[in-house]
Amino acid sequence: MMTKAIEKAAKQYARPTTQIVAVGLKEAAEALLGYDEAAEATPLLLKEIKQGVRQGFDGFVIACFGDPGLYAARQIATVPVLGIGESAIHMACLLGRRFSILQPSAVDEPVIGGAYLDVLERTGLVSRCCSVRSIGIDVSDLFADLDKTTKALVATGRKAIMEDGAEVLLLGCGGLAGLDQPVEKELGAPVICGVVSAVKFLESLHDYGKKTSKAYTFKSSKVY
Amino acid sequence: MMTKAIEKAAKQYARPTTQIVAVGLKEAAEALLGYDEAAEATPLLLKEIKQGVRQGFDGFVIACFGDPGLYAARQIATVPVLGIGESAIHMACLLGRRFSILQPSAVDEPVIGGAYLDVLERTGLVSRCCSVRSIGIDVSDLFADLDKTTKALVATGRKAIMEDGAEVLLLGCGGLAGLDQPVEKELGAPVICGVVSAVKFLESLHDYGKKTSKAYTFKSSKVY
Amino acid sequence: MMTKAIEKAAKQYARPTTQIVAVGLKEAAEALLGYDEAAEATPLLLKEIKQGVRQGFDGFVIACFGDPGLYAARQIATVPVLGIGESAIHMACLLGRRFSILQPSAVDEPVIGGAYLDVLERTGLVSRCCSVRSIGIDVSDLFADLDKTTKALVATGRKAIMEDGAEVLLLGCGGLAGLDQPVEKELGAPVICGVVSAVKFLESLHDYGKKTSKAYTFKSSKVY
Amino acid sequence: MMTKAIEKAAKQYARPTTQIVAVGLKEAAEALLGYDEAAEATPLLLKEIKQGVRQGFDGFVIACFGDPGLYAARQIATVPVLGIGESAIHMACLLGRRFSILQPSAVDEPVIGGAYLDVLERTGLVSRCCSVRSIGIDVSDLFADLDKTTKALVATGRKAIMEDGAEVLLLGCGGLAGLDQPVEKELGAPVICGVVSAVKFLESLHDYGKKTSKAYTFKSSKVY
Amino acid sequence: MMTKAIEKAAKQYARPTTQIVAVGLKEAAEALLGYDEAAEATPLLLKEIKQGVRQGFDGFVIACFGDPGLYAARQIATVPVLGIGESAIHMACLLGRRFSILQPSAVDEPVIGGAYLDVLERTGLVSRCCSVRSIGIDVSDLFADLDKTTKALVATGRKAIMEDGAEVLLLGCGGLAGLDQPVEKELGAPVICGVVSAVKFLESLHDYGKKTSKAYTFKSSKVY
Amino acid sequence: MMTKAIEKAAKQYARPTTQIVAVGLKEAAEALLGYDEAAEATPLLLKEIKQGVRQGFDGFVIACFGDPGLYAARQIATVPVLGIGESAIHMACLLGRRFSILQPSAVDEPVIGGAYLDVLERTGLVSRCCSVRSIGIDVSDLFADLDKTTKALVATGRKAIMEDGAEVLLLGCGGLAGLDQPVEKELGAPVICGVVSAVKFLESLHDYGKKTSKAYTFKSSKVY
C-alpha cells in the first residue's frame, strides 16, 4: 500500500526517460516506527542496494523520512543515494526560510525529536525547521480514509503556518506520498513530498554526472 | 566573457526543452567584488527580474556566488529564484558531508568571511563548510589563461581535500563555470558549479510545480 | 515625519558639541518594508554616504532597524558607520541578558524572521533575543495617533517581559524614535531606541579615535 | 582478541559484586569500520540485547566507540544501555573542559568526521571536543605490537595536548581497552577508556535504581 | 535543614565503603539565591575545599545546583570536584534525550535563565534541556510541608513531560534531595537528584583512579 | 602599577565632565590569574561596589578582562556596571566582523579557553572571535619593559591579522591599558582597550539615562 503510493508519486513527477522501480522490504514492517524497527530493516535495505548496484541502477532513493541506512548505502553504492527526509528538507530551503514537518501519528509530541531530529541534525538544518506536528492519525491508518488524512494534513499544516511561522510544509512520511497537491491547493504554501524531491534531485545529479564523494565519510573498507 | 561562460555551462547541462537566457548587467561591474558593488548592482538585477516576470519566465538564477538580491528577487517573482551559491551548497550536501569553496582571489584569506560567510549563514549550513580557499588568481584574470586557472583550481582543491577534509568542492564564482569537469577529472571528488546546480534545481522545481512560498519572508508589500 | 522623529531623538541625547544632520532618501519609500524596498533604497543611501564622506562627516548612522547597506557603507567610508539595529542590540546586551524587539506591524508574526533575524544573525546575538513582537500598528500608521502607538508599545512590551522573559525592550523601527522614555516609564525595564544608541556609540568611537577596520570585510576594491 | 581486551578492562575496574559478561558478535566483523559494517552488525547486537533482557541482566554496554544501535537497544531494554563513546565523553567532561579522541587508523583525517562526529552530535558535546587524531595504526594491527600501540597513543596524545589544547584524552576504540593507564602515566593528563566509563556509570545507575526513560525517544511500538 | 537533607540523600545511595561528610557554610545563606549570594559564599566554600584537601578527602561535591566556585575548586584540589548541577545533567543524558529542571521558586520564569542557564552553558548541554519550570514554592518554604513540595514537583514534572517533552526530570536544588523517588514513583520517568549523581560519579572516578586534568583550565598559579 | 595604568587610560579618553576614581583591591592579587584568585577577589570587589553605590557613583567598571563578579555587581547596583571584557568585545563588533584577543602570558595556549572563553560565552559572541593569542610575556612582567611589551603586542597582533583573519585587536588585560594607540599605529587595524570602551559606554548609558534591568537576571533577593 505504502510502496504503491510511493511508486505512484515517484512516477507522476519523474521524466518520461526516468525508469522507476519501487521495492518494498518484505521481511520488514511496512512503516519503520522506531529505532529498533529501523535498525532491523536496514540490512534488508542494504541488500536491495547491493543488488541494485549489480543491476546497474543510476541512483537510489531511501523512501522512509528518517533516512535509515543512508550513510551505509552511500558507502556501498557509487551512484547517488538520497533519503526522502534530506531531499524534502533541502528542497524546502529553496522555497522558504522556515519549514514544518507534518508527521503521521495519533499522539502530538511537544517538541522536535526522534528520527525527525536525527534527519535535521544530519543535514545541519535544525535552525530552519520551525516545528514537527502530528496529524492525529497513525501511519497504519493513513490509507483507511484518504480524505480524512488529507483534511488532517490541511488542518495541521494551517496551524504550522499560522502558529509556528512555517513557509513550506513537508510530508513527513513516505506513506503520505500523493497528498502534496491536494494539501497545497488548500493552503497556498508549498507542500513538499520527499519522494518526489529525491527523484527530481537524482535526475539532476544524473544529468550533471555527479556521484557520491568517496573522499572520507562514504569511503568503504569493503569492496562491493 | 563571464556571462558567456555562465550561459555555456547552463546550456550544457540543461535539458533540451529548457530555454536558457543569460543576461549580463551592463551598468554593473562584470564581477561584484565587494558589498558596495553588490549593493549598487542589485537594483539593476531586480529590474531584470521584473522584466523577466513580465515576459513569463518560469524561473530565475542569480549567477553570482554571493547570491546578491536573492530575497528581494523572491519577493518580486512568484516563480522560483535560485542563487548559485545556495544551489551549489545544497547540491554538495547530497554528495558529501563536508565541502570547500574555491574562490577566485590572488590573496589567501585565513578564515571564512565576506559574502561566502553570508551565503553559508543564509542557508544555515556553515557547519558543513570546512574551508574557503583562494586559488591565487583574481576574478579579473580568470579568463586570461584558462589552463592556468584550471591548474590553480586543481592544486587548491587538492589542499582542501587533503588538509581541510573536503569531500566535495564548489566553484565559488560564476566566472569559473565550465571548469568543474576538468578539475573533477583530476581530483576524483565531485566538483560542483553553482550555475549548473541552480539550473537543474529550477528544472526540478518546475517539473514538480513548486514556487516560492509567499507565507512570510518573501511576501511583498508591493504589487509587481 | 519619520526623519523628523529620528532627528529629534538623535539631537535630544547627542552631546552639545555633536552636530547631527538627518537626511531622508527622497526617492525611496519612507519606511523600507521588505527586501525589495531595502534593496532599491540602498544605492540611494550609499550615495548619501559618499557625499557625506566628501563633506567630512565624522561618522554615519543608518537609521533603519534592518541596517540596510551597512557593510557596503563601511566599505565606502573610513569613519565609523553604525546601524540602529545593531546599536540597539549591543546596548541592550550591556543592560540585560535577554531582550525583545517591538516591531511596528498590524500582523503578529509567530517567530523571529525577516530583517530582524538578519540583523540578529549579522551581530551573532540571536541567542540573546527572546522575541520579536508586533505592536498591532503598521509603520504607516505610527504617527496617526502617538498616544495609541505608545500604549501599544507598553502593552506589547509588558507581554514580552512577562511571557517571553525580556529584560530590555528595543524599539524595532526608526519611526518609533522618541517613544523610549514614555514606554520605559510605564514598564520599568530599559527601553532602547537604536537611533540614540547609534549616536552615543558614534560619539564614543569618535572620542576614542576608532574607525572601521579595513583589514578584510570592509576593505573595498574601489577608491572613494 | 578485542572482546578479550574489553572484558579484561571491564573486569579490572568493576566492583567485586558486579558480574561482567563480554559477548562478541560472531557473524560480524571484529571491528566495525564503516557505516556499512555497523549497520550490518546492529541487528546481531540487538539480538544479544534481547537475549540479555530475557536473562535478566541489569544493564548493557555497547563496546564500540561509535555507539551503534544505541537508541534501538534503549527501546528494547528497560534497564540502562550505555555506549562506550558517550560514556567516555561524559566522563571526560567531569575532568576537563576540552578533550581529544585518539582513533586507531593508519591515515590521519584532517577534521572530526565519521562515527566520531555522530557520537559527539548525539551527545550534544561537539563544542567540548578539540580534536580527533589518528594514531597511525589501523585497528586490525592494534594487537600486533602493544608496546608500539602504546607509544603511538602517547605520541599522538601529546600532540593533542600541546597543539589542540586537550585536557583529557579518550581511547577512541574498544580495542584500545587496557592502554589507558600506561598512556596516562606518560602524559599526566587523564586518559579515559569508554569501556571502563560505561561499566562504572552502569554501576552508578544501578545503585541509584535509574532506568532508561520511556517517555518519548526510547518508547517502542513493539513489546519485547 | 538543607544540609541534613543533602547528607541523608548522599548517604542513602553511597556505597558502604564511601564515607560522606556534609558541611554547611555557616557564614553564608542556607540557599544561594542570586549571583551576589553565590559570589559572597564562594570563598567560604573554597576554604572548606582547601581544608578538605589537607584532610585528604578523595573528592568533593559542591551541593548547590548552580555549581558555584566549581572551576576555582578544581584549581585548588587535585582529587575530583563535581557540582550537583553538572552531575545531574550528565546523568540525565544517559537516560533520555531531553530533560527538564524543576526549580524551587514561587514565581514562574518564562525562559531558561539565571544560574540554570550558566550551568547548562558550562556543560555545553543547553540543547538537551527542554525547560526549567518553577514549582511555585520558594526555597525557604521547601521544608515547611514536604508533602506539598512533593505534590508540586509531581504536578510541575508532569507538565514538563506533557508540554515540554521532558524524558528525564532534574531536582534543581540541593534542598530537594530525597524527593526523587516519591516523584519518580508518581510520574514513571526518571527523576534525578544531583547530590546522588555527584556522589555516584565521584565513586566511579575514584574506582577508576581519575583526577581533574591540570593541563590548562584547572591548572593554578598558586600552590595549595 | 596596573591600577595606575588603568586609571590613566580611563582618564585620557573620558570626557572632561566625567569623574574617574580608580580603586585597586588591596587584599587581592594585582592580577587575577585563575578561577581561584578571581573567586577570592570577588567579594572584595563587591564590597567596593556596595560602597560606591552608597557614595552615589553613576556607574562602575570592573577592570579585569574576565569580568569577575559582573552579574553579582549588577544585582547590587542599580546604575550600570560594565566589565572591560564585554565592553571591548561589543565595541570591536562595531568596527569589524572578527576580532582577536591578545593575552599577557608567557605560554601560548592552542585554543580559546579559560576566562576568555567564559567572557565570550557570556556575551554570546564566541563566533566573532577568531583567536586568543599569548604575547609571550606574563602579566607580572608587563611593566618591566613597556617597549618590549608593545613590540610583543605588535608582533602577536600581526599574526592574529595575517593568520587568524582578525580585523580588530583587543587588549586582553587591564594591565595593557595605554598600549592601544602605539600598537594600532604599527598595525593599522583598530586596537581596543576594554577600560576605555567601558568608560565610553558608561558615559553613553549615563547620557541616555539607562540603567541595568532588574526584570530577571539582575534582580536581587537582598536589599542594598
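Each chain carries a letter (A, B, C, D, E and F) given by its place in the written order, and its residues are counted from 1.
Following the convention adopted for this analysis, a residue touches a chain if its C-beta (ideal position, glycine included) is under 8 Å from a C-beta of that chain, and two chains touch if they have at least 3 such contacts.
All figures in this text were calculated on a predicted structure; none of them were measured in a lab.
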Subunit D and subunit A - chains in contact with each: B, E
Chain whose mean Cα position lies farthest from subunit E: B
Centroid comparison with subunit A (C-alpha atoms), farthest chain: F
Chain pair among C-F, B-D or B-C whose interface repeats that of A-D, sharing over half of the contact pairs by residue number: B-C
Interchain centroid distance [CA atoms averaged], subunit C/subunit E, Å: 42
Euclidean distance of C-alpha centroids - subunit B vs subunit E, Å: 51
Averaged-CA centre spacing for the pair subunit B and subunit A, given as whole angstrom: 26
Multi-partner residues of subunit C (each touching 2 or more other chains): 97-98, 109, 113, 165, 216-218
All pairs of touching chains, each written as two labels joined by a dash: A-B, A-C, A-D, A-E, B-C, B-D, B-F, C-E, C-F, D-E, D-F, E-F
Residues of subunit C touching subunit B in the complex: 33-40, 42-43, 46, 69, 71-72, 74-76, 109, 113-114, 121, 216-222
Subunit F partner contacts - residues on subunit B that touch it in the complex: 109-111, 113, 117
Subunit A partner contacts - residues on subunit E that touch it in the complex: 97-98, 130, 162-165
Contact set on subunit C toward subunit F in their complex: 13, 15, 80, 82, 86-87, 90-91, 93-98, 123-125, 127-128, 161, 165-168, 181, 188-190, 192, 196-197, 200-201, 203-205, 207-218
